[in-house]
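In the two complexes below, chain A is the common chain; its partner is chain B in one and chain C in the other.
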Partner chain A sequence: MAEAASTEERSTGRNRRVRALVTYLRDRRRLRTSLVAGPPYAVLVLFFALPVLTMLVISFRLGSITGPFTLDNYANFLASDTYRTVLWRTLLVTVEVTAIVTVVGYALAYSIVRFSRRTTLLLLLVILPFWTSYIIRMYAWINILQSGGVLDSTLVLLRVVDGPVGLLYSQEAVLIGFTYVWLPLAVLPFYASLSNMDPDLIEAAKDLGAGPIKAFFTVTLPTTANGVVTGIILVFIPTFGSFITPRLLGGTNSIMIGMVIENQFKSAFNYPFGAAIGMIISAVVVAVLLFGARGGGTLFAGGDGP
Partner chain B sequence: MSLLTVSNLTKRFGDLTAVDGASFDIEDGEFVSILGPSGSGKSTILRMVAGFEAPTAGSMTLDGNSLVGVPPFERDLNMVFQNLALFPHLTVAENIGYGLKQSGVPKGERKDRTAAMLEMVHLEGYGDRNPDELSGGEQQRVALARALVNEPALVLFDEPLSSLDRKLRQHMQSELQRIQAETGITFLYVTHDQEVALSVSDRLIVLNDGRIEQVGPVEELYDEPATAFVADFIGDVNAISATVVERDGEHLTLDAGTATNLRARTDGRWQPGDRIDVCVRPHEVRLLDAVGDARSFATRGTVRTRSYQGSDIVYTVETEWGPLTVNARERGHAVGDEVAVTWDAADAHLFPAGESDAESESTDATAERSASESDRARPEGA
Partner chain C sequence: MNALDGALRPLERLVQRHGSRLARVVMVAVFAFLWLPIGVLVLMSFAEGGVLSFPPEELTLRWYGAFLSNDTARRAIALTLKISTVATAVTVALSTLIAYAVDRFEFPGKGLLQLLATLPIVVPLVVTGVALVLFFGTINLGSGYWSVVVAHVVRTIPFATLVILPTFLTFDRRLEEASKDLGADELETFVQVTLPNVFPGILAGGLLAFTISFNEFVFTYFVKGSGQSTLPVYIWDQIRYNVTPEVNVISVVFLLVAVSMVLVAVSLTRVELLARR
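Right, the complex of A and B next:
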């Protein structure tokens, strides 16, 4: 009896404290807001803003992270033909990959939305590769693309080619790998904006005299511009900085800037130089995306999904 | 020759026959409404005329040219969509000018014609806004202007006014009539709302369950409905099932299975023993203080509900013939009052029994609506 009474007492005591807290918070809007918004902001500051700032500081050191301040890292990078070429080639590869993924992904999302009933199943199939580790998927591609691999033996079997092609360690292999890896990432935002689009808009366009192709470019594409831009950003940024895919599938034949950075940190141990290259490619990515957003904005006439 | 000729138009979705052998003509410059409950197939007819659905059978000609197999973008007609389908990424002016752009009208002329359209729908100065900045009524005007700017032979309306409140809807109705008179373009308007259909159209096509029940001028359909469904759907009606017991020239005596017999005057070919539905409009029913005041027949009843409608009062009177809706000027009756009910024998409309499934049709409307919506959700080219 006494025990039960004390439990009850404790719980009413707790209730009173909870009620007091609720009352306290009710009158303090800003405290409530910061309680909700605080943790995510803290995470962002701790794991994004601070590291970037640290990298920025390191990139101005000479030789090691405790070295004296200097602009040499930036000057060396910009003065070197090799690095500039690698950066330029990385940009080209990234643009190619983004273009391929955007076209293929949009076509895929479009056909899922417009022509099929098993939308959920198809979307699941699109996301399915994400359940396997990135590295494992890359090794699978090595198996497929290598000389005498699955692709080669299939092509030989079908008598498309006479001998093994050996696509591995080439620019094409890197493009294939990137396209495969980023396709699901682009399909999801494309799918979201396409399925949000009112299909009557396409009918309205046709009703007003636009053929299917014109209706697509004047109505479908502009009204889904938001999703397209999201997909492009999701593909462009990770491709630009990636180093695993080009290392595994491209070997030494297609060095990308991410590999150079990795090298500075893991082999050359020149952290400041690696940090400086990181800052430079961040600047390039931001510049390209800003430029693209402005260009795309006028191209799509300020298109906005519903 | 008629502007639009539709004959034997049929559309089946699997087992469901949405439109069953519909035939009608629309003359140049007419304002015609297709009226029917949800799921009656009226939107399907419209979508076939617009080119968004291919008919299973039948033919359509516009201005003498067959429409079957012609894609929507090559038809000389435009549509105002139910949800308006204004392009959200274009300004009001660009929305209106879209059709002109597609038909290759040069920029200068496009601008002038768009401006003229904005003026016609009273939206001067709205050209640079985005459609989502406009009110519902203003968006309707933009959709209308967009459909009219190409000066098509025919403009189709898929219940665009249904989302507006009553006052705005009535205003837009008169606007539609004004604009139709100004442009002389033929309008084909689809709606389930008899009030809209009655007030705007020259002629009505009443559709029920995929079949055309009656086609004719508005007054004719109201005064001389061909079927019990039309009588019920256009205006309200009280329906009483009865059997003919005696015929004396034009005068029929009808037994509704109750103590008091009904009387009707008709030139129809009814014979004793025929089972018929007697339909009488609420405003034709008269309330009397006593049965003896009636000239031919009357019964007693109790006022069950009384609802004030402004110019008149709508009573529900419980009688031996069933509950009757009465639209009357008399305000003196209260709920619970004993009254006598009668009508002029010539005012009753008589239909063969069993056709009066109108009641169940209208209550099924919600179920049928969902059926029709699932049809619309079919992918293109299905």
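Right, the complex of A and C next:
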């Protein structure tokens, strides 16, 4: 009994101190704000902004992270035929993936919004695969695409082909893998903008004589342009920097720029050179974001609260 | 233009008549594309003859047994949980502070805070991963347990904030006024009125943060020290060097964790909330 009483006393004592603190802070707005915003600010500056700045500085060093300053890393990258080819191929793959995902994702979002009543369930079915491990989703495709794998066995069973095709380790496998992982990501903004759109607009266009195709291209697509741009950005950027998918599914001729960075950090150990390539990728990202901002994409949390 | 319209007219009629059928075909095809690979993973985890024996002739639990008695995999799971739980706790605390600050206060640098809390989603993972390694190397923090935890916090803050912030923004502040009018002080109001209302959002944010941290690969891969293999890193090594049917089993474990976490998170908020990104 006595013990319980003393625990209670202690907890009321603590309550009183908390109360005193709350009262103290109520009258000191600036202190209160810095106590709330300060910790996350500190963490994000220290462990996100500063690391990126560190990478920028190191990208100008020669050979090691304490080497002398130089422009060689950038010059060597841009002067090399191999790296320019890799950069060009990365851009090409990224554009292809973005195009495929945008068309398929938009078709799916449109079908869900216009032609289905079970939207919550369908949306769940879209996002659940997205929340599972990236590596595992790639591994699922290794199961399917490898020589003698699920796809080959199925095709042989159906007598479409005689022997194994083995699509793994090819450019097609890379495209399939990317489409698979980014499709859910693009469907979400497409879905959001389509479901926010006033369906009466389409009816109005049809009343004025437009068929469904014309109504789509003159009304629906322009009205949902923001969502489309957001989806494109969300797919373009991570594809451009990816190394996992081409490493696991691609062959020797599907090397992408992210793999070159991985290589610098995992086997070549030329960190400054890797940092310089990281900066080049960042430059592309910034360019895409600026382009997207002009196109009206919305990426930033909270700015447009619900 | 008229010629084009004329050419389009039969097509328009076709789409008009078969629109809903077309939509159904799209939905079936895309959902098959999204879910068949997952079905294959699950099926092959029971395949007696391993991953190259499709369709499996015999089903077995053998690989599950092998997984359970695999010490390396078990250690990897323990380490993953040790990292994810700590990182999730830190992330939830920080994201809640961000949401509270953005919702309640006006201060210089507010826009920058929101930008910093969003950018880690936007910047390619390989860039931030490399930047963290270089930073940890420069300040001589090295690559230990805490480096990985910090990396996971940076990785998960944007996702948790994206879920937690809207619950603060949509919370009806008049409830707080009412509570104070009825005689409650600030602390009582916060604990008894504000917290219960925003708690589901915070919990959902935490579950998603945990899911991401549990699955995190890229940051861990770059930042980790030797001998610090989380489960995704372990799988990566397995896939690249020696695939065993156990990898399918681990994949199924991952699927179950992710699916249950996300389903709980969704039931706590709205599925559309996860769609706002």
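We take it that the second predicted complex is superposed on the first by the 239 of 306 C-alpha atoms of A that agree within 3 Å, B and C clash if a C-alpha of one lies under 4 Å from a C-alpha of the other, contacts with A are read in each partner's own complex, and residues count from 1 in each chain.
What we mean here is this: a residue touches a chain if its C-beta (ideal position, glycine included) is under 8 Å from a C-beta of that chain, and two chains touch if they have at least 3 such contacts.
Please read these numbers as outputs of a predicted model, since none were measured by experiment.
Given the touch rule stated above, what does A:F115 touch, chain B (first), chain C (second), both, or neither?
The answer is both, since A:F115 touches chain B and chain C.
State whether A:D200 touches chain B only (first), chain C only (second), both chains, or neither.
First partner only, chain B.
Quick one: chain B or chain C, who's touching more of chain A?
Partner touching more chain A residues in the overlay: C.
If you stack the two complexes on chain A, which partner ends up touching A:L62: first (chain B), second (chain C), both, or neither?
A:L62: touches no partner chain.
First (chain B), second (chain C), both or neither: which does A:L208 touch?
After superposition on chain A, A:L208 lies in contact with chain B alone.
Considering only touches as defined above, state whether A:F265 meets chain B (first), chain C (second), both or neither.
Only chain C; A:F265 stays clear of chain B.
Is A:S242 contacted by the first partner chain B, the second partner chain C, both or neither?
In the superposition, A:S242 contacts chain C only.
Touch check for A:A225: first (chain B), second (chain C), both, or neither?
First partner only.
On chain A, which stretch or stretches are contacted by chain B in one complex as well as by chain C in the other?
114-115, 211, 214, 300-303, 306
Of all residues in chain B, which touch chain A in the complex?
Within the complex, chain B touches chain A at residues 50-52, 71-74, 78-79, 81-83, 85-90, 94, 98-99, 102-103, 146, 150, 379-380.
How about chain C: which of its residues touch chain A in the complex?
Per the stated touch rule, the residues are 5, 8-9, 11-13, 15-16, 19-20, 22-24, 26-27, 30-31, 33-35, 37-38, 40-41, 44, 51-52, 54-55, 93-95, 97-98, 100-102, 104-105, 107, 109-110, 113-120, 122-128, 130-135, 137-138, 150-151, 153-154, 157-158, 161-162, 165-166, 169-170, 185-187, 208, 211-212, 215, 217-218, 222, 232, 235-236, 239-240, 243, 247-248, 250-251, 254-255, 258-259, 261-263, 266, 271-272, 274-277.
What part of chain A is in contact with chain B in the complex they form?
114-115, 198, 200-201, 203-211, 214-215, 218-219, 222-223, 225, 300-304, 306
Could you pull out which chain A residues touch chain C in their complex?
15, 18-19, 22-23, 26, 29, 32-33, 36-37, 39-41, 43-45, 47-52, 54-55, 58, 65, 104, 107-108, 110-112, 114-116, 120, 122-129, 131-144, 146, 148-150, 153-154, 157, 180, 183-185, 188-189, 191-192, 211-214, 233-234, 237-238, 240-244, 247-248, 258, 261-262, 265, 271, 274-275, 278, 281-282, 285, 289, 299-303, 305-306
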